[in-house]
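Working notes, structure below.
To keep things simple, chains are lettered A, B, C and D as they appear, and every chain counts its residues starting from 1.
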Amino acid sequence: MTQDHALSAADASGRLLMAGLPPGPLLALAIILPLAGLVPLLLLGPRAGERAAIALAGLGLLLAILIALQVGWSGTPALYHLGGWRPPLGIMLRADGISAGMLVTSAAVFFGISLFAATGRDRTNTFPPTFWMLALCVASGLNLAFLAEDLFTLYVALELLTFAAVPLVCLDGKAAQLKAALTYLLFALLGSLLYLLGAVLIYASTGTLDIGLAAQRLVANAPATGIALALMSVGLAAKAALFPLYLWLPPAHAGAPPAASALLSSLVIKAPIFLLLRIWIGLAPAPLAEQAAPVLAVLGTGAILFCGMRALAQSRLKLLIAYSTAAQIGYVFLMLPLVTYSGPLSMPESLAWTGGFLHLAAHAFSKAAMFIAAGVIAEALGHDRISSLGGAAQAVPISVAAFAIGGLSLMGLPPSGGFIAKVMLLTAAIQQGVAWIAVVVLLGGLLARGYVLRVVVSALQRPETDASFVTIPLRRQSMALVLALVAIVLGFIPLQPMDFLLVGRP
Amino acid sequence: MIGWTIFALAGAGLVGLGLYGVIMRENALHRILAFNILGGGIFLVFGFAARRGAGAGFTADPVPQALVITGVVVAFSATALATAIVVRLTAAQAEERDDAPHAKDDG
Amino acid sequence: MSDPANLVTILALLASVFFFVAGSVGLVRMPDTLTRIHSLTKADNIALGFIVVALLPQVGSVADAAKIVAVWVLVQVSSGAVAQLIGEVALAEQAMTPSGLDQPDDGRSADA
Amino acid sequence: MNVAFDAILCVLVVLAAIRVVATTDLRAAVSSFLAYGMLLALVWVRLESVDIALTEVAVGSGLTTIVILRAISRMPLAPSSSTGSSPTRSAQVAVGVMCAMVTLGLSGVLLTLPDPAPSIAPYVAQNMPATALGNPIAGVLMVFRAMDTVLETVVVLLALIGVWAMVPQHRLAEVPGPLAPGRAPEPVVFLARALVPFGLLFGAYQVWAGADVPGGKFQGAAVLASMGLLLMMAGVITAPAATNVRLRALLLVGPILFLAVGVAGWSLAGAFLGYPAGLEKPVIIAVEIASTISIALALVMLVLGPPAGSASS
């Protein structure tokens, strides 16, 4: 009987000494460290609070790198049982290769965006403490989403992200922003609730919320399993703005101040995307995952092609970038039909795996760079109409360069992280004979080339005779360039599967 | 056992009703109420799972029960945040209608 | 549990059902807010009183009995106050009807 | 007999919910929602979950209804925040059929769940002695799954920060608008005098007793928050502004003490969010009390909503 089994397993539960798991405490620290910033931000003046927030962003990057080094050196996932209680009773944190990779990526991008935000909300105003509080909660929520193994703790992480992200959309309090924020919140809440319904069905079927344990106990042909996974997927897709649920994203991401847009577009949506992948890679029984993979890849295709075309049709720069986010989300799902769900990955499969996650990382850097650059361009020109960007290259050359370099990665041109990632996906698709995925990767690259070049060409035009530009300090322009250059540096990693990303693969 | 099933069915009913309200009601505050009904239905499914899992001297599995308490508080926070946005949106729309003649152009 | 105690419980419960039904019928059938509030609060308070009477013989300890009585007292206090609030609002609304529009609208200070 | 009672109760809950979503009159929907919440609390009692019933009454239906009512009262007469155009009859039918299918499908799935049901109850029973608590739900919330709970107190605070973030900075120092315009009506003043002492006592009792019997910080905080709101309605106290440093410090005390205890657990109990052996109960109660203060204040500020002048200015 299950009951007897549970009781005998209970002997193994209870308190566990942490001696054997050295990197573990760092995982908990990565989640709570950003929250410490709430104290100075709420109690001290805005300047002290801002300094503390930036210091915490830097520390967070350091911590993420330490965790990744530990995972990389040991070759095994880092585990931590909160309070010393093992699952199924307690909550476990776990950093495998992909979560450590996401951790470092998001911490680095977050640090970069923080340094940009420190130069002010625009030329004359600094960000209020509320912005920094929301940003730090985004950082905490992201780390929790990448590390938690417990389905309900992940729900809390998703809500933490939602509650922090939605107000970022309407920081200026304009009606259009508030409307976009409300739509975003309603989509996000529906997404959370569907996810939660799926999670309770998993619990009712398996008696645990721990992803690893539940994966062992789920029965592939029980109706509850498929329905639960489907509910969670729809919920997460709504939060990730995966085609066809992307409609909330462009107005929300395009309306915010540039630093907030960058946070939302490069980082916040990565959490539901990552969890969507976790669900099908780490939780779903292999036969179900094999059936779902093509469906998700088709949705990804829809995102790449449809949202790519919508991006091409935009007349505003920020909206174009936001649609490009909705399009670029698609690539990582192209990876799913190219990997196996039972047993170790073959060579081309691990190439697809590496390509998919590398794309997530490269997109985070390039998208943050592009949104910040676009914000600075709009500040200098006083508008963001793509048709009259002429003179931008003279007024804010560094920002235009950052936009173009970030765009290289989106277009999939060498040398860039996006290029390497897309070549990996392409190679894997061809080697496995899945031609349509190869075609989608190529078409998506063409569309991205179209919309990025349109902006760059317009920005290189001569200024209109009566145009006047606002001077933007160098410091404010340079952060986007740094982020864009990181996306380029990612392009120098060798074109082969990264062992690091395979650590702890279920 | 049979007796608890009725609560599961009620939970499923609330999920459907809440979903209907979320999709069909136009007023944002009304939608927020519908979200709470949807949430209430999901929490009842937790309660059903808890009651089925009674054992070891407990009349219900305490873990799903504790999760519902967390969930109810999170749902209230979401309601308060959404309502605040609605209130601010109404005010901003009224202000922008008043300022409409000199609306300015920005992205 | 002795039989007389059960008898008290049964009789008190029947009485409370009668008053609850009467209060609810009043709520549905009375013509305006003020009379509805009147029937609802009066009848329901008595009905709740009978439920308290019905429960008292069944409880095991004085502490439990005190808690039940405390619930009754709290309900009395709050329902009385809320009924009066609703009444004041109803009066204010009556003052707003066309016949009363010329009066200064100061419903808050009007006594219920 | 009990099955009949449960069935009637469930039918009533569903009927109330139907009224909430079927009416187009927002005020009617709110009053039905209140009835729905009360009935749902009875359902939780029938499901042997008194803790949840208390939470549902206080937070899920009580405070939620107040928040919505307050928003309605702050809006112009015809709320213009509608999104999209009026649904057609065919859309209603289509969505209705879809939602009915969701209900049917979900019911079907719930009926096929494994029997006997898997449960963590045995693990909780086995490890409860280590928590020194009597209420297993408090054990789960404060010990076994303390991470969720500490983050939840952060989520409540974050929602409030979110409300503050969408207010223009120069308005943040303003006091939130009054709960009711004009002078407080006599009955409210009477209630504030008669009810508040009991309410404060009851709220504090819920927190204190929650370690061993149903109750706890969220339920207690909600009761304390509503007493605070009642005092504000009666004009006895005024709402603090978002910039008030004392308010901010008290909002932080719960989450920060919880996190500090968690960090101290590293050296004292060998794990983050572990409690020092022998001191579990006093430490947990201290954390509960601090959290109650923070949550109660956050709830009050969330009900009051964005600072004044939004609709009336």
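We adopt the following convention: a residue touches a chain if its C-beta (ideal position, glycine included) is under 8 Å from a C-beta of that chain, and two chains touch if they have at least 3 such contacts.
Bear in mind that the values here come from a model prediction, so they are computed numbers and not experimental data.
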Chain-chain pair with the highest tally of contacting C-beta pairs: B-D
Inter-chain centre distance, chain A versus chain C - centres from mean C-alpha coordinates, in Å: 56
Rounded Å distance, chain A centre to chain D centre (Cα mean): 30
Chain centre separation (chain A, chain B; CA means) in Å: 26
Chain C and chain D: spacing of chain centres that average the CA atoms, whole Å: 27
Multi-chain contact residues (two or more partners), chain B: 15, 28, 45, 48-49, 52-53, 55, 63, 67, 70, 74, 77-78, 81, 85-86, 88-89, 93, 95
Residues of chain D engaged with two or more neighbouring chains: 81, 83, 106, 110, 113, 117-120, 122, 124, 126, 144-145, 148, 152, 155, 158-159, 162-163, 166-167
Set of chain C residues in contact with two or more other chains: none
Listing of all chain pairs that touch each other, if any do: A-B, A-D, B-D, C-D
For the chain D and chain A complex, residues of the former touching the latter: 81, 83, 105-106, 108-110, 112-114, 116-120, 122-124, 126-127, 130, 143-148, 151-152, 154-155, 157-159, 161-169, 245, 248-249, 251-252, 255-256, 259, 262-263, 265-266, 269-275
Chain A residues touching chain D - in the complex, by the definition given at the top: 1-3, 6-7, 10, 13-15, 17-18, 25, 28-29, 32, 35-36, 38-39, 42-43, 80-85, 88-91, 128, 130-131, 133-134, 137, 140, 144, 152-153, 156-157, 159-160, 163-164, 166-168, 170-171, 173, 178-179, 181-183, 197, 201, 204-208, 217, 222-224, 227
Residues of chain B that touch chain D when the two form their complex: 1-21, 23-30, 32-34, 36-37, 40, 43-45, 47-63, 65-70, 72-81, 83-91, 93-95
Chain D - residues contacting chain C, complex: 182-183, 185-188, 190-191, 194-195, 198
Interface residues, chain C side, partner chain D - complex: 74, 77-78, 80-82, 84-85, 88, 108-109
